[in-house]
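Each of the next two complexes has subunit A plus one more chain, namely subunit B in the first and subunit C in the second.
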Partner chain A sequence: MDRATETKKNNGMDLATELKKGNKRAAARLISMIENQDRKAEEILKDCWSHRTKSRIIGITGPPGSGKSTLVDQLAKHLLKEKKKIGIIAVDPTSPITGGAFLGDRVRMAELNGEPDIFIRSMGTRGALGGISKSVSGAVRVLEVLGMDDIFIETVGIGQSEVDVAGIADIVVLVTVPGMGDDIQTEKAGILEVADVIVVNKADHDGVRQAVQHLKALIVQNAEKMSVEAPIGIVSTVASSGFGIPELITAMEAHYLQKADSGAADQIRRDRIKQELLAQIQLRFWKEFEEYDRRNSAVDQRLGAIVSADANPYSEAVELLKEFMEWRRTENNY
Partner chain B sequence: MDRATETKKNNGMDLATELKKGNKRAAARLISMIENQDRKAEEILKDCWSHRTKSRIIGITGPPGSGKSTLVDQLAKHLLKEKKKIGIIAVDPTSPITGGAFLGDRVRMAELNGEPDIFIRSMGTRGALGGISKSVSGAVRVLEVLGMDDIFIETVGIGQSEVDVAGIADIVVLVTVPGMGDDIQTEKAGILEVADVIVVNKADHDGVRQAVQHLKALIVQNAEKMSVEAPIGIVSTVASSGFGIPELITAMEAHYLQKADSGAADQIRRDRIKQELLAQIQLRFWKEFEEYDRRNSAVDQRLGAIVSADANPYSEAVELLKEFMEWRRTENNY
Partner chain C sequence: MDRPIRVVIAKLGLDGHDRGAKIIARALRDAGMEVIYTGLRQTPENVVEIAIQEDADCIGLSSLSGAHSHLFPKVIQILKERQAEDIMVFGGGVIPAADIPMLTEAGIAAVFTPGTTTEDVIDFLKKTV
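Coming up: the complex of A and B.
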């Protein structure tokens, strides 16, 4: 395996040191290790925990085809001019089987990664129990250590995607396009509760004005659910030409400042770290349980009886957990 | 609380008995209990485990606006004429905050639930660690006990949605519409690996022929990844008028029969039950951990030090898990 060799070549200490120095290749390797659930990644992250920058985490969400990637690229280019260091994590709805990234993203990555102060990474949604959100959290951590000022997380949907940016981002930007159809319009009513800024992208297409008016009406209708101090911003953009990008940056900054002043940003940060702690607990639980199962074939032994309805999964789950705890105590190998 | 009263009124035994008799109201109540993580739901499901029908589980997936709901309604109406009993679980990208369902779905539910042999239920994606996929599994279980022949699970996207139908369905139907844009076309390359049938819906719109040809070309390009015995079916439909629905049913049945013959259906079933067992283990683990945390404020006590970088979440997770296990052993209250 190529990756295994790579991991060996870069032992824990070196990667941590390089990462703290801002080495992007070290960051890329560490993220690969996180994706491959390499135990050493954890050791390195542990070592770097106190070296994190207080990065702004910006969730960019919207349906496929709304132009999220182009928009993020434009934002990144503008923020680069302000001497910001930018990280981009693009969560791809890749194949659950091959886990491959898209050709389009590879091209994009090659282009943007050429900039010294940009780091961009695609992450696929590869099966397993909640694997991707843990990988994304880990990647955010890596980019914090790398010293990024702004970290963009690009993902499809809010509340329906496995990576729920609303739970981890300081600012949430929802990207829409004119004429998305009634059901999307309706869904927005829910999204209004978590979005800080709504972008109507492709504003050179028909129906922009109606889209903006519809959004404003939705906001008025749902006013009681929303923050009075920082009403949702609506910005029209044409990501492909850069139109509206400075306005979008201004809107994002206004929201971030408001959240920082009110203490909301600190609370979000605390919640984010709590989620990470809980995710680590779950990760470790499954690691240990899988080890137990590997040695005892505990799950497979019980599965037959459940399939044939001689046993049920509820009682068997209780028994398995009990047995695992007992095994863990007597083996005492953790 | 209304729901609590309802739960009390229908004690475990009654609901189980009613459910086995095919009482749809009992099913609706039990699903609400599952959504509310009512412990009694588990007892009832346990009691019913051996009374399940061998239902066919059909995943219907596609982007918002592709007409999934209308298509499922039409399929249900056709299958009703064949004397089938139909369950529909519509997974909604609802608000992560209010958890409310859409007005549209409520209207739809009222109409279809009037049919004696149809049961339809919307389920929202309410936060929490992987909550929705467990609720959907539970609802599938309820509908199996209710005796449904076909259970449809309607959800947005494959591999990107929290409810990954590819992991639980016997047949996966991907719904597309003509002219969805290039990025969706590219994403399909991954989806081809899990879809059994692809529907080009809204076939009265422009671009149907191109869409079908594009899909065929994609299938040819990706032929090596796909099943030789059961090539992906492509069916054009106009869900709003019913056009193409009988052809879609035929294509779905051909795929199901092929999977049943090859033993693939049994393997899918076994995997599904295994996932459910693992989900139950995780659920129980968190239930116990939360009880521990509630009594000891274990997480909050450690969070401050992690936020201030005096401690890191990796080591703290290990410690917390260890302490929890010790607590569980000494309290011995499970």
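Coming up: the complex of A and C.
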């Protein structure tokens, strides 16, 4: 599909100016451009970088059906009462077969529709496997410029190891439910290691006491080796009725403040920006190399010898890089 | 640039029959589109707001209650008020043939009645968006 419609859809809007004014349509357009890897998005983000608010970024993750969307809905309703502006990025899986996606998180957030201080964006993972999509961090930047106080990132329903949201969020809330397994499950590496607050949702079901006990044992053990500046909180909730939501907000805020006081929050922000910078460098470097290869067929020329074992990929990679750097220095304007 | 079509599928008013809407949503998903499913009982205002925040290319409205003559044109009217009339609107459900000219006149791009195959809807969207 061509993007002749692109210009039409922008309605002549200057996206950067409109975004800074708080125009939701401009924000929505820009997020699409980021998702579609439109290079113009980068120019607009450059322009807006210094206009970001210091939003709190909250990752909500957990298995499918554990109640993430319903919890986000309840949290947003409570925070609206505190006059907060709230952005929500809700990620659902993209089909690896058709590229299509059924984005259904809004169904649980229906009462937030039409609230002027809410912005919700549904996203497909588009091939990413870490529980979010590659465009989420860009979308967070857009919502920061839009002036959101709190930004929720709801991941896809996850298993044990999809921890990408931890690289983007200030606080990670792991939503679990009773009956997910015994204490062996809490011994495993992965998602439990990055959680700041653990929610045992559906606390009106059987087994909630055991689930909380297993988690508490884990935390006590971890606390011995961790700096205890920001211990993990455990909260029981029933998202469908709103039970436990004020306690969850308190636990999130306590954790956020502890992190902020200890300097951990600043460190996380620095690390995150560093990651973004490194990702940009990687991307640019790779694009340049691809251009070099496109013009010189450098990779294909060496491939035959490697396949027939007359050469090996390790030495050839070193040679290729040398040639690329030389080309970059002499032939190019980079 | 290759990118998926983004479509909002919504049901307006008190109409609680969502089986058709879900079948269409699933078919469009399987055709490689990103389908934002809103669930039941939406207002025209909210559907337009959702389409704007989701940067949708089009909105599909499903109606089995007879309220289409009032609610479908309302969506078009609000899109115009929000200067978002570039978002295309199509509809489907139990809609009498006699009502279709009025809906087309109001700006509904297509109306799919019982007997339509999911392929018809997919082809229409791929050609129109």
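Points worth noting:
Everything below uses one rule, namely that the second predicted complex is superposed on the first by the 233 of 334 C-alpha atoms of A that agree within 3 Å, B and C clash if a C-alpha of one lies under 4 Å from a C-alpha of the other, contacts with A are read in each partner's own complex, and residues count from 1 in each chain.
Simple rule for what comes next: contacts are C-beta pairs under 8 Å (C-beta built on N, C-alpha and C of every residue); 3 or more make two chains touch, one makes a residue touch a chain.
Remember, predicted model here, so these are calculated numbers, not experimental data.
In the superposition on chain A, A:D38 makes contact with subunit C only, not with subunit B. By the touch criterion defined above, A:V299 reaches subunit B but does not reach subunit C.
When the shared chain is aligned, no partner comes close enough to touch A:D14: not subunit B, not subunit C.
In the superposed model, A:E323 makes contact with neither subunit B nor subunit C. Contacts of A:R25 after superposition: subunit C is touched, whereas subunit B is not reached.
Greater residue coverage of subunit A by touch, when subunit B is weighed against subunit C, goes to B.
Once the two complexes are laid over each other on the shared chain, residue contacts for A:G114 go to subunit C alone; subunit B is not touched.
Once the two complexes are laid over each other on the shared chain, residue contacts for A:D149 go to neither subunit B nor subunit C. In the superposition on the C-alpha atoms of chain A, the part of subunit A touched by subunit B in one complex and by subunit C in the other spans residues 94-95, 98, 100, 102-104. For subunit B in complex with subunit A, the residues that touch the partner chain are 42, 45-46, 49-50, 52, 63-65, 91, 93-98, 100, 102-104, 125, 127, 129-130, 156-162, 164, 166-167, 180-181, 183-184, 186-187, 189-191, 193-194, 225, 269-270, 273-274, 276-278, 280-286, 288-289, 299, 302-303, 306-307, 309, 312-318, 320-322, 325, 328-329, 334. Chain contact summary for the complex, subunit C toward subunit A: residues 1-6, 25-26, 28-39, 41-43, 45-46, 49-50, 52-55, 57, 82-84, 86, 129. Here subunit A touches subunit C in the complex through residues 1-3, 5, 8-9, 11, 24-25, 27-29, 31-32, 35-38, 94-95, 98-104, 106-107, 110, 113-114, 119-122, 124, going by the rule given at the top.
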